[in-house]
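In the two assemblies presented below, chain A is common to both, partnered first by chain B and then by chain C.
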Partner chain A sequence: MSLRIGALHAARRLSEASLALAVGLAISSILILAYGYDPAKALYWLFYGGFGTQTVFLDSLAYATPLMLTGAAFAVCASAGMFNIGVEGQAYMGAVGGVVFGGLLVRYLQVPGPLGVLVALAGSATLGALWAVGPALLKVLRGIHEVISSIMFNWMAFYMAMYLVRGPIVNPARPEMSISVEPSARFSVIFRGSVLTEAIYFAVLASVLTYLVLKLTKLGFEIRLVGAGLDVARYAGISTKKAMVSAYLLSGALAGLGGGLIVTGRPPVWSIYGTLGNITNVGFDGIGVSLIAANNPVAVVFSSVLIGGLWNGSRFMEPYARVSSELSRAVIGLIVIALSTPEVLRLVRRLVMRWKT
Partner chain B sequence: MRSFVKLLIAPAAFAAVLVALAAAGLSPVSLMEAALLAMTPLALAAAGEALNQKGGISNIGIDGIFLITATVAVLGAEDFGNGYAGMLVGAALGGFLGLIHGFLSTYAKANQIVAGIGLNIFSYGFVPYFLMAAWGFPGIRVPPKEVLVPLRVVPITGTSFRLSEFSVLAVVFAVVLHFILYRTPLGLRIRACGESPEAVDVAGVGVFRLRIALSTLGGAMAGLGGAFMSLAWFGGVVKEISAGRGFIALACVVASGLEPLLSLGFAFIFGFSEALAYAVAITPGIKELVPYHLVLSTPYVVTLAIVAVFIGRRRFPRSLGQPYVKD
Partner chain C sequence: MSSKPISPTILAVAITAIVVAAVTATVVYVAVPPAPAATVTTTVLRTVVHTVTVAPAPTPTPTPTPPKAKFKIAVVSDIGGRGDLSFNDMAFKGADEAAIDFGVEVVEFISKTELDYIPNLRTAAMDPDIKLIVGVGFLLSEALVEVALEFPNKFFAGIDTYSQEIVKSKHPDKYPLPNLLDIKYEEHKGSALVGALGCLLAVHYNYPHIGAVLGIEIPVLWKFEIGYKWGCNWAIEWFKKNFPAEYEAKSRVLGNILTVDPKSRVLWVYTGTFSDITKGYLAAKEMYAKNAVAVYNIAGPLGLGINQAVEEIVRPKGLTVGPPFWIGVDANQDWINPGFIVASMMKRVDKGVYYATYLVLVGKFEEVVRKYKGVLLLGIGTEVEGVPMEGISVSTLADLDEFIEMGVTAEKILGKPVLPMPPTEIRRRVKEMRDSVPSWIWAAVAELERLIREGKAQVPLPLTEDDVKYWRGVLG
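Moving on to the complex of A and B:
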């Protein structure tokens, strides 16, 4: 019985998400049209370039990989009723941690094969969680809304990463990027000719584990109870502050891993650009991914593939339809806005139904 | 009496800071010029958003409004051949975005934070797209000098001080909005709208319409601030022009406990800290002492510290951020 209700719920969410996607694409088409481009051509290349052939689909999965973790990160906090906009900065710090641990420490300790990856990712998770401590404490001790504090931490992370990448951990041979992680700290490529690496197995596993932690453990139960309402949790005798801080730190660690997977799992650079170009927006896109997935870490895996595909496809949209690839981020934003108003989506669905019959 | 003494402490301490900085080789005049420029967008957006939040809607999409209006205002200024027309375009577009947010937050019962996040993410994509679509060049647009909003030179004994009339306008706005909020029947309605919308509704005032109007006003003031950034302050637009200032404006709002006048004070503090950080980062003799990128992050640290200190005593409207559902 409860399974059937679950399936019904999932089906409703899926239709809501598809409707939001349709709204996002429709408004984007208006924007494309308004500047004299061809929306049909742009959307064709967006989807053909993201999902049309096996080669591009594998690359889309590679784009999706870090988003699964930043998405799961946002989902954990959302389960506790908090908005961790700080996933962006935590991912920067995670990438820095991956480079420092996977580049310097792994080389220094001569860590072999698959173990090196784990060392690098341990660095990512630690730095990501560390960057979440500030907003978490400001929230529970001073009542500062996490959206404001974590944005400040994002910008501090931005400048901190930029300072480190151009200074202490710069690649002496190629000063436009940081040092690379050691070969023993890299995920191996699954198919030759694609940038998809085994990092995706790690990302899927981590998302599923996050789901299980939320659903099956005591900590997960407490986090969800806090998310259901502070009063409920307090009556249940739960330390709400402890649960909130735990959720935030777990979220930071996951976001850090998301940044870490970029430097350990994405050929050919295995490092951070001096502009931070290859790590920016991985957190913000993860927010979109999580909201599309109704903050469910398992559903995040699938919505990551959607957003990853949009990004990969946008690389084709730019040369073939002359539309700037950044438009796909506008699409994500519009999807999120549409999802913020389930009432309107429901209304639109009802109108569509009536129009059909 | 005590509050009067407190009122004197701040300017005195500030004067002491300026003297100390002058001794360290940083010109107080150029510091103040830069501080007022940096203050203006924050002050405009914060005063509008303070009123908006008093009425019960919070808009965390201000940063997105800054970005979008800063960009589109440049096109407006170029098309009309006049910077002031560009400022109006920015304000109108900001008002339109605020109107949409107001509609979503009332009739559509949106989760306001999610809608705000969506607006921000949209702006991160729309702005680079727009820059490319409008001018065919990625990431940046520097318009011809004639269509910018010039700064006025105010003669002060011995030196001249460059100031924008919009900085003055920001101060006037903060004062006027504060007066409206606390000294007029309309202000009473606004405050009641945030505290107990049911009562306002029973009294025959449309909660939704009032909230949408406030959200539109807040958006328009943020739009004016965004246009100010590109047309009066930086003299052009880059795709990350706002640099999180929308969130600093929100920090001003919450640190002030939603009071327009007090938020003006915080906007000045943040503007000054940004001006100081930038001056330290480029002044020879000082810049060598500290890493450039770390200095640039100080405004954000200052923001956190100030909010952490001041927020403890604030209380917020009971129904802030809650969609109002009529029974």
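Moving on to the complex of A and C:
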């Protein structure tokens, strides 16, 4: 692709995104207005709270950090033409893996300093990938659609994680949460006065590496070829099953890391709450983030910051614009849907065209 | 009732549906002649322009400057925020009362997930007008410590938190942190009162048991469990002493609680959940099947499951008043199913917020922290610095109205009916039920309350696993 076409391409994507954002904001305004609140004030606080000052922006980055990985996870699968709804469950298992490795193993082996973090995250990636094995094999061996199986695996992960957090890995002194990861397995806070930790460096690095794997390696090429069409890939003489399973496992590992970054990279508890409240939706938000980024792992970094910023900013809508918190949730949902619409449109259009031929 | 607003979720879904429909139409239009992406943009644009003309374009507005109050207080909620009819609503109620009485202004921060705790506390602390920040619920304990250390010039209070214990173990040199107050409650005393009430109902109506459905076995719940059992035993002793003849007579009635082994008077179970209402229903159903006259809800929302179990018994019989009953917790829950909740053990979270504001207002916050090692224990007959600060009581008809009011507000927020019937009807039914319970039973509960207040009755307070084992050995 020549540079000029590339620039045009980027410009089109950007204009699409800003248009979608405008639509999302407009619909949100109607919704806010319908409930008798002031949309200008509500949206002002939403964006001011997410991006208005340095302090809030750092927190927004903290909200964005795990989304970068669950977003990249979804993007990898999407490159292979698969829809990994299972990122949510894989993230739960990743968080559990982080607690088991970062809490129990690191303590048992007395792993020092930065090495502890790696041990914890190794646990996250392993468990996340393991949780992706089931849907991947069902897909390639039995042709069971990954959306169906991974939704089931999400629920299994939910109940499994809940059982583990309340039973085997419960914190005996604080039964409302799991044991914490050891101090040596925690990312440190970058600036005092914010919840942002060095986990963000890891997340950005992982997203960029994922992009490079997809673009530069043989495996990445095969994955993308499978995404372009199974017949094409078979004609090119590659093992489509192997590529699909690899993509799914890579995706699971990344999603697991997303869950792991919550327990290793977010003060103050460094553990999983018994409600799973601090790890729920990190996967589903990742799906939105990836769609907004047109399933490009590098663009995922930026769309994560946007969505993380919205979640952070929505905290300001209730106290300062007096908008009920349920409504602020709906507004974010609308914006995410609007922003992911261009990519969803493209997917649908591709499907329609494939179906017509 | 007037027309109810549609819930935001439904409206959001509706609007989304419209958008999706519009988008699908566009897709079909685009997909028929395979056109470049630019067409998508323009077509979408057409729909957009139409939408935008309806709504005013959002423009940033400067921060409004509200009329100056003396100072502001912030309430940082646990998950759920307003409308939960429990902890969060109670805390906001206390803040609203402080606003009326002390002229402070209340700023509400809602935590959508546990990840919001620290950012919310910090945002509140950074607001220059906010002097006191109240965190609602023990899950905020760690977050409160972190932020309170960072903002030594702001006051922090936590409802049910163990923040000072965390300070003690992690920063022993700073214990007790002078700007941090854990507000706790003497649940064991209140539970003893409703235990006495339950057991006397069993004596009167010739039932063999009372029940308790508990949540996850955390130390706080031990206080409820042991207090409840102790109260039951106290009541039976009281009955024996004050009504010896009736005691003899009732002891011969088959199936009366007086004929039951003292250690199995109270049926109790830890369900292991604070959210699975079905488990509450199943546990309560089993207890009512064993003829429990009343079941004490010690698991928050599981009370709705207990209520369901009661409904299944009373509806086919067409009863309008128990037995069987259940016993409410935390808030005054008597209105949920009037006639069948004999009373509630009220833990006045609202008072906690109110007193914390008062202490800041009179400048005694730090003094109280120093004096009580950072823990304000509210109970029956509590007095702090010569000011009565009670936080535990058994619900009365008088305080029913406040809580019906809370239900009315929740209806407005949630956009769906919360109250089972009009307020006047609730009041009438609750009164009818209270009148149907013999006055000597209420008198006994009042007497126990007086004895506790005067320090003449000591309700056991289990704090460790050994304590609770010991008391289970004694009381069953």
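Operating definition for what follows: the second predicted complex is superposed on the first by the 322 of 357 C-alpha atoms of A that agree within 3 Å, B and C clash if a C-alpha of one lies under 4 Å from a C-alpha of the other, contacts with A are read in each partner's own complex, and residues count from 1 in each chain.
Following the convention adopted for this analysis, a contact is a pair of C-beta atoms (placed from the backbone, for glycine too) under 8 Å apart; a residue touches a chain by one contact, two chains touch by 3 or more.
From a predicted model like this one, the values you see are computed outputs, not experimental measurements.
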{"item": "Contacts of A:181 with chain B and chain C, given as first, second, both or neither", "value": "neither"}
{"item": "First (chain B), second (chain C), both or neither touched by A:159", "value": "first"}
{"item": "Partner chain in contact with A:121 - chain B first, chain C second, else both or neither", "value": "neither"}
{"item": "Touching partner for A:273 - first (chain B), second (chain C), both, neither", "value": "second"}
{"item": "First (chain B), second (chain C), both or neither touched by A:148", "value": "first"}
{"item": "Touching partner for A:324 - first (chain B), second (chain C), both, neither", "value": "both"}
{"item": "Per-residue touch tally on chain A - higher for chain B or for chain C", "value": "C"}
{"item": "Touching partner for A:30 - first (chain B), second (chain C), both, neither", "value": "second"}
{"item": "First (chain B), second (chain C), both or neither touched by A:333", "value": "both"}
{"item": "Chain B versus chain C as contact partner of A:134, first or second or both or neither", "value": "first"}
{"item": "Common ground on chain A, meaning residues reached by chain C in one complex and by chain B in the other", "value": "31, 35, 166, 281, 324, 326-327, 329-330, 333-334, 337-338, 341"}
{"item": "Touching residues on chain B, where the partner in the complex is chain A", "value": "60, 63-64, 104, 108-115, 117-129, 132-134, 138, 243-244, 247-248, 250-251, 254, 291-294, 296-297, 300-301, 303-304, 307-308, 311-312"}
{"item": "Partner chain B, residues of chain A touching it in the complex", "value": "31, 35, 37, 83, 85, 134, 138, 142-145, 147-149, 151-156, 158-160, 162-163, 166-167, 281, 284, 287-288, 291, 323-324, 326-341, 343-344"}
{"item": "Touch list for chain C against partner chain A, complex", "value": "5, 7-9, 11-12, 15-16, 19, 23, 26-27, 30-31, 34, 37-38, 40-41, 44-45, 47-48, 51-52, 54-61, 63-64, 74, 79, 81-82, 107-110, 112-120, 122-124, 126, 138-139, 142-143, 145-146, 150, 216-218, 272, 275, 413"}
{"item": "Chain A - residues contacting chain C, complex", "value": "12, 15-16, 19-20, 22-23, 25-27, 29-31, 33-35, 38-41, 43-44, 47-49, 55-56, 59, 63, 166, 175-176, 192-193, 195, 262, 266-269, 273-275, 277-278, 280-281, 311-312, 314-316, 318-320, 324-327, 329-330, 333-334, 337-338, 341-342, 345-346, 348-349, 352-353"}
